[in-house]
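The structure's right below; bear with me while I get my questions together.
Just so it is clear, A, B, C, D, E and F label the chains in written order, and each chain counts residues from 1 on its own.
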Amino acid sequence: MRVDDRKPNELREIHIEKDYIKHPEGSVLISVGDTKVICSASIEERVPPFLRGQGKGWIAAEYAMLPRATEQRNIRESSKGKVAGRTMEIQRLIGRALRTVVDLEALGERTVWIDCDVIQADGGTRTASITGAFVALSIAIEKGLARKQLKKNPLTDFLAATSVGIDSKGEAILDLCYKEDSSAQVDMNIVMTGSGEFVELQGTGEEATFNMNQLNDMLSLGKEGIEQLIVKQADVIGEFASKIKGG
Amino acid sequence: MRVDDRKPNELREIHIEKDYIKHPEGSVLISVGDTKVICSASIEERVPPFLRGQGKGWIAAEYAMLPRATEQRNIRESSKGKVAGRTMEIQRLIGRALRTVVDLEALGERTVWIDCDVIQADGGTRTASITGAFVALSIAIEKGLARKQLKKNPLTDFLAATSVGIDSKGEAILDLCYKEDSSAQVDMNIVMTGSGEFVELQGTGEEATFNMNQLNDMLSLGKEGIEQLIVKQADVIGEFASKIKGG
Amino acid sequence: MRVDDRKPNELREIHIEKDYIKHPEGSVLISVGDTKVICSASIEERVPPFLRGQGKGWIAAEYAMLPRATEQRNIRESSKGKVAGRTMEIQRLIGRALRTVVDLEALGERTVWIDCDVIQADGGTRTASITGAFVALSIAIEKGLARKQLKKNPLTDFLAATSVGIDSKGEAILDLCYKEDSSAQVDMNIVMTGSGEFVELQGTGEEATFNMNQLNDMLSLGKEGIEQLIVKQADVIGEFASKIKGG
Amino acid sequence: MRVDDRKPNELREIHIEKDYIKHPEGSVLISVGDTKVICSASIEERVPPFLRGQGKGWIAAEYAMLPRATEQRNIRESSKGKVAGRTMEIQRLIGRALRTVVDLEALGERTVWIDCDVIQADGGTRTASITGAFVALSIAIEKGLARKQLKKNPLTDFLAATSVGIDSKGEAILDLCYKEDSSAQVDMNIVMTGSGEFVELQGTGEEATFNMNQLNDMLSLGKEGIEQLIVKQADVIGEFASKIKGG
Amino acid sequence: MRVDDRKPNELREIHIEKDYIKHPEGSVLISVGDTKVICSASIEERVPPFLRGQGKGWIAAEYAMLPRATEQRNIRESSKGKVAGRTMEIQRLIGRALRTVVDLEALGERTVWIDCDVIQADGGTRTASITGAFVALSIAIEKGLARKQLKKNPLTDFLAATSVGIDSKGEAILDLCYKEDSSAQVDMNIVMTGSGEFVELQGTGEEATFNMNQLNDMLSLGKEGIEQLIVKQADVIGEFASKIKGG
Amino acid sequence: MRVDDRKPNELREIHIEKDYIKHPEGSVLISVGDTKVICSASIEERVPPFLRGQGKGWIAAEYAMLPRATEQRNIRESSKGKVAGRTMEIQRLIGRALRTVVDLEALGERTVWIDCDVIQADGGTRTASITGAFVALSIAIEKGLARKQLKKNPLTDFLAATSVGIDSKGEAILDLCYKEDSSAQVDMNIVMTGSGEFVELQGTGEEATFNMNQLNDMLSLGKEGIEQLIVKQADVIGEFASKIKGG
């Protein structure tokens, strides 16, 4: 049994609250257990310099934590004057993952800014961010189509993410909370599409290593979890979900 | 009549949700109309270098906005690598105001970090931050007393803040929303104690000036509004409010 | 009696030396007691990006102290790599205050840069900066009109500033020197026009609070002081003073 | 056939030149095809603040490129005043990977600084860095043991890295050069120990996704390549290789 | 004849005003023609980390210009967030030069901070800074000896600096003003002691080169000018000058 | 006899390896004794903003050291977030010196970026950088002429640099290694053209001073050394050397 009495293949409780804040084109508050992230999607009518004039759009992601999202208060990155390596890694991951399910030509010369702000952290903030950001993005896209800002649906598939790991007894487990994450031997983040294809796979064993069998166990737990997450996403997205492959 | 149908001396609707996030010693989500701020108070068992060894504590405040708290998305200060002048001004104001109602000797060699993170902005974010931060601070103090971390209640009075202004027709109004703020001739922030004394007064007329009569009108509206805010605060704080002067 | 034998309503000695440095369009060295500030006004034939193409100008202000303007040497902000919050607050105040008495359309698409560099500090550096900067600005404007760079006088009124406070015995005093400032209960900066209207009012009681009577005492001392400062300014400006309302 | 006429499972030519620069405790110039990296290992007799007094050591890694290591000149990160996200990601990876094969208690309260400076880039700079850094580290460790600075060999296993990918025709290939990397559908970095266990697995499909079969193909190519790299490493390390498991 | 009617070997007019600002231990306003620099010397009772516990002191120098010291307004280095290369070069030169005439053991574990702030620039700001800084330093030392803060005079010699150059006609000239500096073929800064020995020699010919004869002409002009500067310094320093070699 | 058994007028052993890295238009690895620098020259088809539209080119230089180029590891400037004063001084010197022998009009609206990266340091890194950079630059120019990117040879002369000094016994010596540099009384860098004219002269005596005789001894050693360096350069450049004056 796990620290919070879940079975090895059991996700934490998931809630996705739509339109959590009023200004962004799309926004949600996603809760995965005690991890809570405000995800918003903002459509901007221009692209970064490297894309100008190519008829293509861009998905740019930023990630941050409130100072007291964690048990110990963290110093703000704005006060330190620089963004931590971990933050950069995460926001690069979120942007890259979402771009895989967006047809950037169909988006046109626009940037969708994805902001993931963790207000409470209990493990799995980057995967919750991706899962929530996909919903915020699809709300923004739906709105853009409705108001004719977009001509064509650029979403090519569903996308969600979760973590898997090998616990201290060598067993594979799904969706690690902070306590499990701290004592796990191996931690792996999986991002998958609604069609069940891998988008990102990042497995790390800082104090341990893992073999092929353990890898396979983790991958099948991950697949199972992501399928359930996509059902939740589709539910929140509502009717528009039927316009996205894998939904 | 005002843009949102309020009377000149009418506050917007106020909600203060206690214990909004789980890690900080004290936290609230305060809503003043559509302005929403997460305020948290974190007790740290040390003081800044300039206070070491003096047997006194400190209240330090930080303020930030989510990028899409506003109608147009703002670039994160962490990405820009520096904190804007406006942000610094606000966090200095919040810290200074709260310190007026805290007996720093009674606090002992501790810092209380106040974090005010605006998740949705519609005018008056700095005054909502102060009003919410006072509640978060009193929750943290109550908890510190309960667990014997603190020996003595350092809170010496209630504290709340609101804005007043002179609208485009020259009339004094209370608690300006964003639209009113944009078109007002004069904008003034007032911070007051539960005993009705001024703590801060910051009046600015960028495109206009104001005379003594207008000043007096604004001050009396402000006093009226702050008295109502303190009733709300006391309500949320509950029984512990009776241990604070002015409550 | 006060630490320097002044009466409660007495300003320190004021000197304003015109054309103190040769390159700027306007410059003065203002001394308010032992506080000395070099104020210069530089006209630049372009505006900040947010104003381009609107036919309006801008007044931008910067403020700094020499490292040894104070009793203890301060580390340079250029060495620290960032501008302190206090500095930003002051330079925002100076710019905002001066813009109130400038018709930005009449200025045309130009920026006037106001530089206030404190070479010796003894309290009241921000108010001395505003008072001196107004003179530097009017010299620059006069020159701009003489050489037909400007078509029309954009100055709409005189402007000066001083500080008032409540001393440790609870009495209102005018134009606090550093020693008084350190021990005062309340400190208030007042910026007023030649017509006697308020432009900025910033009152702060970090360790104390103040009531309505004390506020009124401070406001009337401030008005009295500013009237005397404007007489001094007009004197230095000379004949051109008659072209400015309130002069 | 591949752009450089290699078979799908063929590594590029590998050279590892020992003691390439004279000051570091360990250093190599590693060439993997046209990718050339100077790797050095420097032993410092202290640990970062978070480890002080715990009797454990640390491996810290830094990575950089000469401005003209690439076809287009890059602006130096020192000139830009900040380290890019990509650089941070890579140096975090190198440090984390090496720590997996070091017994930090056996290292004692010391930091080994790993510097990987790419002087010529043609794809696979991060995996070449890891492979070269392991050799530099083992030279430094051998020297530390010889001069009694270290009491016990802290190396617990061999470690090397390579990249694998899915090319534009959907085929798995080993050790991608820059041209292949640019056109590949999927890119995966694999770090493995001498015992054949996974340390890191980072697979990314920015413009495509991958399925389980493709993953398995990539993993077996990677294993094959890393076994050959470890033979090369052992050869350069010489006699001391026999003191490391997996060597 | 030169642009300002001087002879080739003629210095500009020199004024050194003692005790120009009240807080520093030593300060002067030095004018060399239209170049004006406030130089101050501040004694701090500690040394930089690299000197702690060695019984030696340090001379640290900083240099800056007011934004409008020059014909075109310069952006403040504090606003840019970094110190320009030219500024660093100059402050390193000033500190290094002064340390040559200070016995750092006799100074004891103290830092003397030298601040050179150019308020008006017309060529030769770095050499005027050195010449003025020496006087500020000797005033501070005299005061330190008088109040027994220092036990022994650490000044070992006089020190002054000037510039020489080769003008557009190939002639050597002394003490270049800004106009001459802009059109000169070669520019050389010379720092010398009261004993006539070289401390620094920095000759640069960006658009031209120079031969041995031209070098010799410049060196003898420089020597002549510095001898006159030292007479001026001794005059301002007064009686204490007799306690410094070369005075 | 010197620490490494050289005669006072003897250079260390010099090697210049052409085309050391493949991407830049010109590159060398220069070794001066144990000092090793990778110098590269990159031609960019645009100029810095201050030169746009003037039909002239620019030579821009950057200089850096690998962290472990030195006996003690240095923190990277990219990690510190700023470039040290010493680095700026050196890169300004390299650029300025090379521009003296380049006809910027003949170069056309192009920038040649010179990168000098020290991979091993043993004294004289800035002079080795200049000597190596000249060769890298001439290779790039030769290539630019061959491919008709350049119409005309912009090189007007040869250029090389070395250091001279006064050792602890008061004797002049040529080409100081690190040990000599640390104990020398005076250190002077000399940059000269193939025609034997001075380009830069920077002599510094931090703990000592020098007189005219010592200066003359150093200058004649420097001239002798630079003549030998230019012979080496011409040898590496090959046939194209005959197209450069002084070669």
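Some observations on this one:
Here is the rule we go by: a residue touches a chain if its C-beta (ideal position, glycine included) is under 8 Å from a C-beta of that chain, and two chains touch if they have at least 3 such contacts.
Here the structure is a predicted model, which is why all the values come from computation and not from measurement.
Number of steps on the shortest path from chain E to chain F, with steps defined by chain touch: 1.
Spacing of chain B relative to chain F, judged by their CA centroids, is 60 angstrom.
Chain A and chain F have centres, each the mean of its CA atoms, that are 51 Å apart. Note: centroid distance chain A to chain D, computed from Cα atoms, is 29 Å.
Annotation for chain C: residues touching 2 or more other chains are 81-83.
If you walk the ring beginning with chain A and heading to chain B next, you pass the chains as A, B, C, E, F, D.
Every residue of chain E that touches chain C in the complex is listed here, in rising order: 21-24, 27, 34, 36, 38, 40, 42, 44, 62, 64, 66-71, 73, 76-83, 87, 113, 115, 117, 119-120. The residues of chain B lying in touch with chain C in their complex are 82-83, 85-86, 88-89, 91-92, 96, 99-100, 188, 193, 195-212, 215, 219.
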